[in-house]
Amino acid sequence: MILRDPVHGLVSFESDEDAIVEALLGARELQRLRHIRQLGLTSLVYPGADHTRFAHAVGAAFVMTRFASRLRQEHGALPFWQRLTSEHAREGVAAALLHDIGHGPFSHLFEEAFPDGPRHEAWTERILLDPATEVNQILCRVDPTLPTRVSELVHGRHRLTYLARTVSGTFDVDRCDYLLRDAHFTGVSYGRFDLDWLIRSLRLGAANEEAAPPLAIDGTRGMPAIESFILARFFMFQQVYFHKASRASEWMLRSIMTRVRQLLLDGARLPALPRGIEDLARRGDTSLDEYLKLDDARMWTALAGLCEVTDEPLRDLCQRLCQRRLFKTIELYGPHGGKEARERAREQVEDIARERGLAPELYVGLDVTRLAAFDERDTSLSVALPGGKSESPAHVSFLLRRLAGESLEQVRLIVAPELREAAREALRL
Amino acid sequence: MILRDPVHGLVSFESDEDAIVEALLGARELQRLRHIRQLGLTSLVYPGADHTRFAHAVGAAFVMTRFASRLRQEHGALPFWQRLTSEHAREGVAAALLHDIGHGPFSHLFEEAFPDGPRHEAWTERILLDPATEVNQILCRVDPTLPTRVSELVHGRHRLTYLARTVSGTFDVDRCDYLLRDAHFTGVSYGRFDLDWLIRSLRLGAANEEAAPPLAIDGTRGMPAIESFILARFFMFQQVYFHKASRASEWMLRSIMTRVRQLLLDGARLPALPRGIEDLARRGDTSLDEYLKLDDARMWTALAGLCEVTDEPLRDLCQRLCQRRLFKTIELYGPHGGKEARERAREQVEDIARERGLAPELYVGLDVTRLAAFDERDTSLSVALPGGKSESPAHVSFLLRRLAGESLEQVRLIVAPELREAAREALRL
Amino acid sequence: MILRDPVHGLVSFESDEDAIVEALLGARELQRLRHIRQLGLTSLVYPGADHTRFAHAVGAAFVMTRFASRLRQEHGALPFWQRLTSEHAREGVAAALLHDIGHGPFSHLFEEAFPDGPRHEAWTERILLDPATEVNQILCRVDPTLPTRVSELVHGRHRLTYLARTVSGTFDVDRCDYLLRDAHFTGVSYGRFDLDWLIRSLRLGAANEEAAPPLAIDGTRGMPAIESFILARFFMFQQVYFHKASRASEWMLRSIMTRVRQLLLDGARLPALPRGIEDLARRGDTSLDEYLKLDDARMWTALAGLCEVTDEPLRDLCQRLCQRRLFKTIELYGPHGGKEARERAREQVEDIARERGLAPELYVGLDVTRLAAFDERDTSLSVALPGGKSESPAHVSFLLRRLAGESLEQVRLIVAPELREAAREALRL
Amino acid sequence: MILRDPVHGLVSFESDEDAIVEALLGARELQRLRHIRQLGLTSLVYPGADHTRFAHAVGAAFVMTRFASRLRQEHGALPFWQRLTSEHAREGVAAALLHDIGHGPFSHLFEEAFPDGPRHEAWTERILLDPATEVNQILCRVDPTLPTRVSELVHGRHRLTYLARTVSGTFDVDRCDYLLRDAHFTGVSYGRFDLDWLIRSLRLGAANEEAAPPLAIDGTRGMPAIESFILARFFMFQQVYFHKASRASEWMLRSIMTRVRQLLLDGARLPALPRGIEDLARRGDTSLDEYLKLDDARMWTALAGLCEVTDEPLRDLCQRLCQRRLFKTIELYGPHGGKEARERAREQVEDIARERGLAPELYVGLDVTRLAAFDERDTSLSVALPGGKSESPAHVSFLLRRLAGESLEQVRLIVAPELREAAREALRL
């Protein structure tokens, strides 16, 4: 099986162990990801960012095949029970392909809109383990224990520590793919890093008889590559994932769902709404079958339908989002962003909204994002030094040492545009 | 106004005459293009190809601003009534932005599915001229004659011949953007060409008092750039636009619409279907309002709904498409593809379908694509030679001379996979 | 061994059979290539084109390792005596690395300046076979027959036809590297093609018991890649290798050497001249030892020295070249370029030079370049079609069929700038 | 005038004020830069890095034209005597083109080899001001005060502060070009940054009646671009400019020159040596005429000649360098690199060299490199915030704040390879 991918170029799955990819790609649950954009509403801001979870899943699986062949150049030094067998490689590539299968419409956004519903990880587990899904059936056909094993690995648990860390860790195949992919599709060049060199610099860390070694990077060659990988992630969060207009549109979606919930609990009927959304709004959960019917297309169709409901705030919010009349943000810098100051600011602006007849819980939001540049306690990747020693990246790298443990916090009020001037004045910003 | 675009990098609209772009981007009819993929069903084959008509429209408008500043470096030699005034530049950029505003869901595909309905050009004209649209209102606010003038220009008619050809011609801003964009998002590198060099090589052809000059390219510097532009287009058709699996999925959509029409005419009710589709299927047209509600999201939602209808063929076709179980193609090479031979072949395979209980008009298609590498009679671009002479590109270029007038025809049968073996045998292929 | 290369990215030689590369890179004769620019005087025209034969040699060797691993995915179907053993792979990579080792200063230019001297192929053979060279000694250390075998392979002779064609053929590792490299360093984007896809499309042609199969390309997947490879070559010739200012500077170097020869044969002494040049000018050959001392640095130093000789024409020509006051070209289009017409034109302009006291054989040149877009009789690459058949590329490809057998001929007079006006007038151009 | 450049693509100089570029490119002193590699001996390590000072000079001039047109979009707000007139723009582009004209062979290396000789800045000034140079004559032809004004500007002095900072400052046209260029030619991707976005983000800082404003960057849009620019510089130093093998080869050249000086002062004759080198070695200076004859080609020719002298150490060092048998490095980490410890280490290894009969001052070096990631006291670039305020980059940027004032120091011993083992043992490393 061979594909063209704008990020990785020629993508092929040709070994015996990769045959699972072609089989799984035919599954209904995976095809569904074709209709879920990787970056939720971000294409409202970066008009190229319409790429889907499907393309990302294939990309992550491909990166896994590259990790696996690299690790096999190194695993000869391990006792045979710690080596990356064909069976383990198959688990790895399946986990990479399926790691995000549980995502709902608009990806992460969906969870934020339904904070009480199951997380996407829980949905992933349901999809993997429910015998009614095609994914489960395809995995079982290879080996009845495979669904459970893949599910464990997706959550970062595996006897081969290094394999677990390729699926879930500081430098995992998920990040490798999404940073490059999101950079390619948004056009934000800061998200690029040198994947070839990084893979070439992969090592196995210090092992012992009992435990398989962790993932490591060659300290002599790999440091600048890993530094620029960490920085790429930092830049992508700053520029894309935490972009003010993205956050504002995400808040709008959340307000819409809040209003939907309010109305449903009041007994209203909203025929435009898919059953799954109704369930989630009413009782915080839905059936797997209904969940799998949800995707971006259904949601946009529903939102278009809700543009015509009689409830004034719901109609208004939906129309604004569909016509991209986005809420605005007010940055609360320095002391203005402190824990008490920001709550006070929110209350002040909520009062303004109330005065103008806008429901404050729908039209005023407080958005706090926090980005750890590099977590110094993170042990998922170590640096292999000459002479067999291992160190943490923060110890070895001049750059990472200065960023370790530091967090960038951004505090913003999100408000309907007509409130911004008054809010600024009231807050004297 | 400044944007990041993965194709052109930094995209800005900052001159007075470009202000129209920002105003138009707020129009509902333009925002709708966010939900129409540029390449219809092609992302079923190239998983990155989820880019939208919206991003293309912005890109084309940006290329127009570059054309305009280049042409203004040259227009000083013209009599003033032939120069590119601010007003004309505004018409140009508006036309570039709006040239595809009439596209239906899945872009060109939609027209093929409703061969009797209005073409997208007709919808574009309706949108531009109907006083109820936001696009019309925004244009009118600038100048009440602007909608008509933009509509004329979109169709390639303008007193300034060279301006008309930048909107519609061999080397127009539409092609400049879509070739690069489709290449970027599919990952098919053959679609790249040197836009900077091409724009730098733009000239105005020979003028006279009566008629404004046509568009031309500098024969000394621009030839390899224009040659590789023509070849890029050729490669993109071969590799992407006429890709066998794209064509097969397009045929499936057409079969679905054929069946929908049959059922509706028989009096069936299909509640999953949007009103606009129903109208088009029943009477070959619909209202502008209903048309504008149609987009890819609505269509995918409708197709998902149709996966549960009772009509066997319709349900089957929709399920196949939604789960990407695509029809297969059989190439009819050489004499097998001749006019009579291919009809005979179709009939043979239709018989096979019939024997197996599959409606031949839905499950067997004959697909003929024809690509003119370079039309020698095309006068939309001339080559400016030293000494003031002009020639046709085919005259000047070694490569184009050999391709001029040559067409690549591909003839394929498109069949449900279960028919392929029998079809091959019957046709002795 | 692992390197960063701007063209191929991460370049590594890590298998046992590639160890020969690291050993050979230490050889004096290979290090000498660091001082020979790949494109002679082309950086006078494209200021980035200062890349060396050394970088190209490494690049070609790397491409060979990629060809070899691809061919080994395919060679399992062959009888074992036709497979690509480690020994053969070593021959291949050594031949790729050493294929140009005999080049003199300014690469191909040097041969044109000394048309009676040995060709670079002859020097390559001497270097490989002379027991005094380090290259010979390193090869012999592995196997005393290796120098001869590598020399045979460099000249395209090998029992394994497909291996021979990777070193010398339409689609060989030399071209694969130099097209991409020259494109990268000149900035001429038309020279790019899709190497990954091409390598992935490599096949072994039809074999039989007696003869190893030729090299082939997968006709289903590889055609657009091979077409764009052929076109890339065509564009690079047009844009770079046959660029008028390159050709003019090359002519100047040839004139300098002509004058040097004249002077030496007249008994003059030219101390600035390296011994090897003196030998070549006097008697058409020199010792290997002296030849190996020649490189671009020596030549530029010599040219700087010759800027101060007393002989007027020699001094003048050297000063012009060192200060980049290049000769100009006059294109002889159409009938003006016919065999008789061009000779007449040359004579006319030589008369003009003579009148002005400029030696015509130094100051007036007739330059005829001829580029076969694609040689239809070329059998070095065939196309593997489904069902085991093979065809020639021109048979299968719409584009190549139209280019096969066609040649682009360019005829130019090269003259000192002060002659151009008069020449144009005399020729009525 | 229009050129193809692999870094900037299409490079053109077409305005009246840019005409000076074409005139200056014909000057002998500028053509000389064609034979001086931008990165000295770095191509011994990165085989693509053969690009020259000439290409860099053209690139820097081109970036200046882009800076100038951007600044002119902004300078309307200034009093007219602070605006960027045509005359000032001409000074700017000339200064950008000529800023490095005084470099000797191997660029910075040459200064390190002759620590007592004039710096390249001094040579630049001589070349600009000496009426015998073509550069001076060309500048004078435009305006007799131009040589002085360009010389002042090259050294960062100009009444228009912002113009001065484009030539010499944190974010100047020199760095903009060399970082991208060195990245392109070495293949080290970490050196890339987003030049388009940076130029678009240029602002003029706060001005007053007396002083022209400094250069600034838009704090809302430009921060990530400037951060990644600073980081690109950091990575290039780490990966390329301070690469251990580069530093080792540079040390070797310095040892060669040390030995040359010793021999000359002892009265030896070294006929292979160019006059300029002899002068510099003997008396620390030479004439401009002799200096201008020096370039990389002369030096390599001289080094080849010196491979045959009778003096053992000089011959040995030259042979090693010409055949790329480079010295090795021993990193002195942490406390081992402290001021006293490293001197002790050097002495220990010098003793080892002495025991083996190798002159310690030639065969053992102590190399200390120090890289300030970002100088917080640097005022050459400020950040323009909304509301007209300005801040230092370190104040505004999360990343730069953590790097400001921090230096990365690397301490290495550089030794002949045969000393490394013994040295490691003696130092217990």
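Structural remarks
As written, the chain order gives the labels A, B, C and D, with residue 1 at the start of each chain.
The rule is simple: contacts are C-beta pairs under 8 Å (C-beta built on N, C-alpha and C of every residue); 3 or more make two chains touch, one makes a residue touch a chain.
Note that the structure is a prediction, hence the values are computed from the model and not measured.
Contact count check for A-B and A-C (C-beta pairs in contact): higher for A-B. Taking each chain's centre as the mean of its C-alpha atoms, the one that lies farthest from the centre of chain C is A. Chain A and chain B, compared by their mean Cα positions, are separated by 33 Å. Note on chain placement: the centre of chain B and the centre of chain C lie 43 Å apart, centres being C-alpha means. Centroid to centroid, with C-alpha atoms defining each point, chain A and chain C lie 50 Å apart. Among the residues of chain A, those in touch with two or more other chains are 9. Residues 189-190, 192, 194, 224, 227-228, 231, 234-235, 238-239, 373, 398-399, 402-403, 406, 408 of chain A touch chain D in their complex. Taken together, the chain C residues at the contact with chain D in this complex read 3-7, 9, 26, 28, 31, 34-35, 37, 43-44, 46-48, 50-52, 54-55, 58, 184-188, 293, 295-298, 300-301, 304, 322-325.
Note for the complex: chain D touches chain B at residues 2, 9-10, 12, 196-197, 200, 221.
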